[in-house]
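See structure below.
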Amino acid sequence: MKNKPIKKRTHNYKKHIGKAPGTLVYTGVKTEKLLHIESFDYTKETLNESILTNIEDAKIHKSTDSVTWINIDGLNSINEIENIGKQYELHPLVLEDIVNTTQRPKIDEYDDYLFIVLKMLYYDNDENIVIEQVSFVLGKNYVLSFQEAEGDVFDTVRERLRHGNGRIRGLKSDYLLYALIDAVVDHYFSIIETLGNKIEDLENDLFAGNTRENINIEVQQLKREILKVRRAIFPLREIINRIEKGEHPLIYKRTITYYRDIYDHLIQVSENIDIYREMIWSLMDMYMTTISNRMNEVMKVLTIMSSIFIPLTFLAGIYGMNFEYIPELKYKNGYFILLGVMFVLFIGLLFYFKRKKWL
Amino acid sequence: MKNKPIKKRTHNYKKHIGKAPGTLVYTGVKTEKLLHIESFDYTKETLNESILTNIEDAKIHKSTDSVTWINIDGLNSINEIENIGKQYELHPLVLEDIVNTTQRPKIDEYDDYLFIVLKMLYYDNDENIVIEQVSFVLGKNYVLSFQEAEGDVFDTVRERLRHGNGRIRGLKSDYLLYALIDAVVDHYFSIIETLGNKIEDLENDLFAGNTRENINIEVQQLKREILKVRRAIFPLREIINRIEKGEHPLIYKRTITYYRDIYDHLIQVSENIDIYREMIWSLMDMYMTTISNRMNEVMKVLTIMSSIFIPLTFLAGIYGMNFEYIPELKYKNGYFILLGVMFVLFIGLLFYFKRKKWL
Amino acid sequence: MKNKPIKKRTHNYKKHIGKAPGTLVYTGVKTEKLLHIESFDYTKETLNESILTNIEDAKIHKSTDSVTWINIDGLNSINEIENIGKQYELHPLVLEDIVNTTQRPKIDEYDDYLFIVLKMLYYDNDENIVIEQVSFVLGKNYVLSFQEAEGDVFDTVRERLRHGNGRIRGLKSDYLLYALIDAVVDHYFSIIETLGNKIEDLENDLFAGNTRENINIEVQQLKREILKVRRAIFPLREIINRIEKGEHPLIYKRTITYYRDIYDHLIQVSENIDIYREMIWSLMDMYMTTISNRMNEVMKVLTIMSSIFIPLTFLAGIYGMNFEYIPELKYKNGYFILLGVMFVLFIGLLFYFKRKKWL
Amino acid sequence: MKNKPIKKRTHNYKKHIGKAPGTLVYTGVKTEKLLHIESFDYTKETLNESILTNIEDAKIHKSTDSVTWINIDGLNSINEIENIGKQYELHPLVLEDIVNTTQRPKIDEYDDYLFIVLKMLYYDNDENIVIEQVSFVLGKNYVLSFQEAEGDVFDTVRERLRHGNGRIRGLKSDYLLYALIDAVVDHYFSIIETLGNKIEDLENDLFAGNTRENINIEVQQLKREILKVRRAIFPLREIINRIEKGEHPLIYKRTITYYRDIYDHLIQVSENIDIYREMIWSLMDMYMTTISNRMNEVMKVLTIMSSIFIPLTFLAGIYGMNFEYIPELKYKNGYFILLGVMFVLFIGLLFYFKRKKWL
Amino acid sequence: MKNKPIKKRTHNYKKHIGKAPGTLVYTGVKTEKLLHIESFDYTKETLNESILTNIEDAKIHKSTDSVTWINIDGLNSINEIENIGKQYELHPLVLEDIVNTTQRPKIDEYDDYLFIVLKMLYYDNDENIVIEQVSFVLGKNYVLSFQEAEGDVFDTVRERLRHGNGRIRGLKSDYLLYALIDAVVDHYFSIIETLGNKIEDLENDLFAGNTRENINIEVQQLKREILKVRRAIFPLREIINRIEKGEHPLIYKRTITYYRDIYDHLIQVSENIDIYREMIWSLMDMYMTTISNRMNEVMKVLTIMSSIFIPLTFLAGIYGMNFEYIPELKYKNGYFILLGVMFVLFIGLLFYFKRKKWL
């Protein structure tokens, strides 16, 4: 794994400072693309799918009996968003939150509609986690969804709407909202699965004794990814919990079982994230002890080599001296006796280290 | 202990993504085995035990007054499970949860029945912890239980049903459910006992000064096992707590004392797991300090050997020089005087290290 | 302190697995001793103390107006316990809990009686902490107490009963229960005082620079002791809190002040335990830094010795070479000049290390 | 980054000790500047902006129907503050809190007014975080704001008041208070953005392997900054939460949506701070492992050099001895054979270290 | 800073064990001093200050309309305390708590009076923190205060009573109690200020690179002081919170604002203590990394010296050998060529270490 350069200064809260509340400031990535608006209008029997080119058309379905899903991709056309806001009589703060993509997942209950912000997570082509904000407005008979850019996780919902053989076409807008959120939450599982695999890979590397220095950095990056994902996912639990309590008139009792199902999934995802977090901390610990073990091994080699040869060298030094009178030097077998002594010393030290379990 | 290879990619959440809610996807291990369905139908006086070969037979006992336990082993026959679901009028999400074995333990209360998912833990022949999902549906006069595979912890319940001398035959389906859950929880104790023994073994190894490198890995694996067990067991507390509150009409007041007993057991298990967790962290700490102590010892040997012999070797080196005029070399006893000096130095350094408590 | 061998496999949850609920299985230490039953029956004016040899006698005082304390030592006579249970109409699960000595401290409220399990802590003759389970049954006009073995902390209560000059003889069974629990809790203080002293001893050793290797093990054992004590004591707080709320008809308003006093004591004990826990963690930290400091010191000695003498030895080596033409060797004072150079080098290096504050 | 000297003894709680409650003691920085009082008095149609030179004028707008904002800069003129307090009938403790700049953010509800203390955060010219206390008194038709010194974050509010085209001029004093608090909270975002950038800079330095010693100190200082900011910001959440509940008659239902918006912002800020905190701890960990890795590398070089050359030197020492009879010395090619042996040894050791992956 | 010896065995819980509840056992320091009782009896107009020599006099003011403060210094005269207790009809457990100076801060509500125990903190002449227990009994028209020894923090209250120009003389006993507690809490600020300064001093030492070994011990002692202070102060929050709720008839609504003010102060103190705690942990971390950095530096010096001179010494050793035929020795400039080679090697290694950034 190559260390990906860390993108800097990606958050830009500052833009917003000092604006009056309700001022729309888009904080996401600016693209040249225009707004892309698609609309699904359906009853149990009929389906009307279209691409809206004229923003004014968005309002057509507002007061019909059929259920309408209007999906808006691209949030940098502030004026158009404001326009839609007026058609659907949204509170200025709602519009501000829709275009402010640094928004934390949240739910705001208004008399006529529910406003929900959440984060859609998926991997882009470079295996980076992309966090895209999606806002939903659930009204009587309609759901509006706002995304930062085209490309989403809703294709399965579109298919189900088109085929019309499931539950979805026969139920109300609250079930449509459920289906959309469920699609988002389902993708969380693939995110945490990939995270889990990355952790296992690192762990296996460490178990195999691999202590390359940038494991350090990889662990750090994984930690940050988990923090990022955690932050995007955790607040959603509370939101679904609020919906599930079923106190808002737009949520029918029949659908609540389904929301509870999402809630269970979110608990499961959260639990996994927390386990991964603990495992990552464990990995760091393990890495540290592995390094220390290595150091120990290095030190032992040094100590053994030095402790054996430094005394021997000293002995050789003694008989390398040039004193006029060193009796041993005259012995016929002095040299061999000394070699013998050295050998005994050598063996003795080996034994000593053996007994200390350093060999 | 040989390091067991870590099985990878064992979770497969992905399969499910994009399916409509209520779609049954079996996420457990596929086996060739067909469904195995056994049925116990009893009153205080009679017991009718049978193996059902025809799924349609499952419904027979549904509306009788006798209590019926239908136990289904094997969840990969999606159609049959769906069939049973229809006979007992289970909600599609219930069926989805039954076959999705990555489900978190949970309880769902429906008007006519209680749906409970929990995890059965036991050791397989290789001493690995097996986590098998068991789902219960408690209805008036019946309990359905769904297991991933044959082999379970319910034999003691079967025996008590057969002998009929205990409380169980005389009470309702809520007591049967209690007996089944109690059997599962009783096995948790043997799991945590084994975990406790493993921790004590590791601790004794460390106390005995054993610092083999893969203690590191063993500790890590034990940590993961504890995390795994914790995750399987902890949510059950909340479930039993919900049952114990006794608000569901299917739970009779008389049985609640028994559920409270399970609850106490679960608290005890949970407490043990948390203590083990803390002990494991402690072990890591202790391992780290042991390694550091070792390193210290190694360093001391190196330092003592070097500090003693390097200066002596230097002295020998001095008198090994070939200068034409080195007066000491001419002294008759120069050699012996030098040896004396060296000896004094040697003793002096030994004293020094003694005083520093390095010897 | 000698390291005590850690007793292994002391918990034996397994015995119980698969038994029907309400089956009595004694999990404590088996002794040959028979049951020892003592009985105190008193009113303000009279006291009747006796040893019961016949279990049937236990029931005599059940329905009298006088207050009766029946204390049962030894729980391995399952049959006798069951017998007593029948006489006092105790729920089977209560009896199961009485003989299961791995029980967590708990309170169960029944219509006619309160059932309380707690842990009595004291030091045995080898200064080991003994944790003995005591169960109380508080009924109208009687208190039953069940202990694993003879020898307890209730002698002061017995004295007060005999002398009859205090409050105890004039009040009801709820005050007797208070007096008994109070005696248990009072002993907790002596346990934590000993723990506190052990921590202070260790701390003083560390402050004095004592880093013997088995401090490691002593700290670890202390940590485990604290965990053990904590686990025995903490749940009691909740129990007393429940009693103190005074919702059970057997607890009179007048006595509640006394239970609140126990509660305050328990909070104080708990707080001390948590402080000890934090101090122990601190000690480990301190031990680690002390080791590191030591290592640093060792390294400095090695580095100074090596850095000074290795270059000097090199110089001596140069002039020990046998080249035919080494001009310096011919200089009359070559030897002394070299010694001078070496001396200057020596002083220079000493200064260098002085400036680095290594000396 | 140069290490900024840490200012010492900046807190001065002591001044206050022993004074009667309600005694005004200014604890901020004493400046020579006099009080600076500005007043905005407005309705939807009119705006009256003025600088008050006479304190008595402050009271003029108290009972008019127009909304009045009186902003007081400089709190060391105790007498004038007391004077204003009397005019607006503020409780003595309120005045004490206004001038005590070590006050924790808090809200006090009185019958006629709300008293709120919070902290304004901004960077001064030296990029140090300045924490300035701002107190608000919200009354019917008026808002008083007290600041330690001139210079604040309210210019955008002043502008909106002057232009009068937004919501602000048409609404009540509760909306004005919202606008002021919102301006303060908006500035929190720029603080945490700068903190985030600092952390990323440090992280990149560490990723790039930069381990300069004072990274240590920089991390420490960043930690303290985060603690400081956290402490200034966190209590505000609770305050806004209290306002948002809308139980005080001075807060109109219409404005509550706006306060909830501030609350969402504060949650977001808090979450960021906690993430930064976790990241900082991570950085320390990473720094530690980086240091250990470095040490390992250093040790390896030492060990390799020593282990190779110490044995070789020993060999050379052997044949440097002056024994009369050392047969090898007479061999014609003894020297070259020895060089060969040494070379083989050298290569062998290199291989050994290669296999150990130390090279 | 010299390390103060740690006083051992200062807690003496044991004395109390086995006594009947309500038995008075004084656990503080025994002094020869007799009881010192002072009394303030006042209305808005009159003040009667006196030293009571006769304990019986204490009761005089009990039923008058004037407010009376009776302050008792010295708790080892058990009999006198009991005497006072009888006069004021205090519960035996209250008297037990008054003389038991290891009591945790607490509040007990009785029908006729409030009993409050808290801890007075101040520095003695040796800059040690003294923790003295103060107990208050608040009755209708009187406040009793019990201190372990003479010397307290109430002089400012005495002054205010004597001068009578403040609020205090005109209000009831609940305000007097407030004034006394406020005086205690005000002194907490000076304690935490001193702690803060100590932490800053340590931090500056560490920033300046000072790593003397006993920083370790100083940090440890500071940690313990913080633990001690924390434990004395934290429970008070809950106590004031209870008073502030204003449910006891002796606390008038008018005074509650003042108690809330104390509560705010306590929150501030607590927050500071927790910040100090976190900072201390940080310091330990920083100390550890500083030590590691030092070690790294030491290792580098060793490695550089060894790696340079060991190979050179080997070379010198080669040409110090006594082989009969070593051709290089005969070369005219062999010596100088070798010196050149050595010099090149020396420079090369220097470059190598330079490139590794070790120099």
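In order of appearance the chains are A, B, C, D and E, and numbering begins at 1 in each one.
We take it that a residue touches a chain if its C-beta (ideal position, glycine included) is under 8 Å from a C-beta of that chain, and two chains touch if they have at least 3 such contacts.
A quick note: this is a predicted structure, and the numbers were derived from the prediction, not measured.
Enquirer: Return the chains shared as contacts by chain D and chain E, ordered by label.
Expert: Touching chain D as well as chain E, we find no chain at all.
Enquirer: Stepping chain to touching chain, what's the minimum from chain A to chain C?
Expert: 2
Enquirer: State, to the nearest whole Å, the distance from the C-alpha centre of chain A to the C-alpha centre of chain D.
Expert: Averaging C-alpha atoms per chain gives centres 26 Å apart.
Enquirer: Just curious, how far off is chain E from chain A if you go by their C-alpha centres, in Å?
Expert: The answer is 42 Å.
Enquirer: Give the residues of chain B that touch two or more other chains, as numbers and ranges in rising order.
Expert: If we look for residues of chain B contacting two or more partner chains, we find 288, 292, 295, 299, 302, 306, 310, 313, 317, 320-322, 326.
Enquirer: Follow the ring of contacts from chain C, passing to chain E on the first step, and record the chains in turn.
Expert: The chains follow each other as C, E, D, A, B, starting at chain C and passing chain E next.
Enquirer: Which residues of chain A touch chain B in the complex?
Expert: Per the stated touch rule, the residues are 155-156, 160, 166-168, 178-179, 182-183, 186-187, 189-190, 192-193, 196-197, 200, 203-204, 207, 257-258, 260-261, 264, 267-268, 271, 275, 278-279, 282, 285-286, 288-290, 292-293, 295-296, 299-300, 302-303, 306-307, 310-311, 313-314, 317-318, 320-326, 358.
Enquirer: Under the definition above, what is the set of chain D residues touching chain E in their complex?
Expert: 3, 6, 8-9, 11-14, 16-22, 91, 93, 102-104, 106, 108, 213, 216-217, 220, 223-224, 227, 231, 284, 287-288, 291-292, 294-295, 298-299, 301-302, 305-306, 309-310, 312-313, 316-317, 319-322, 326, 328-335, 338-339
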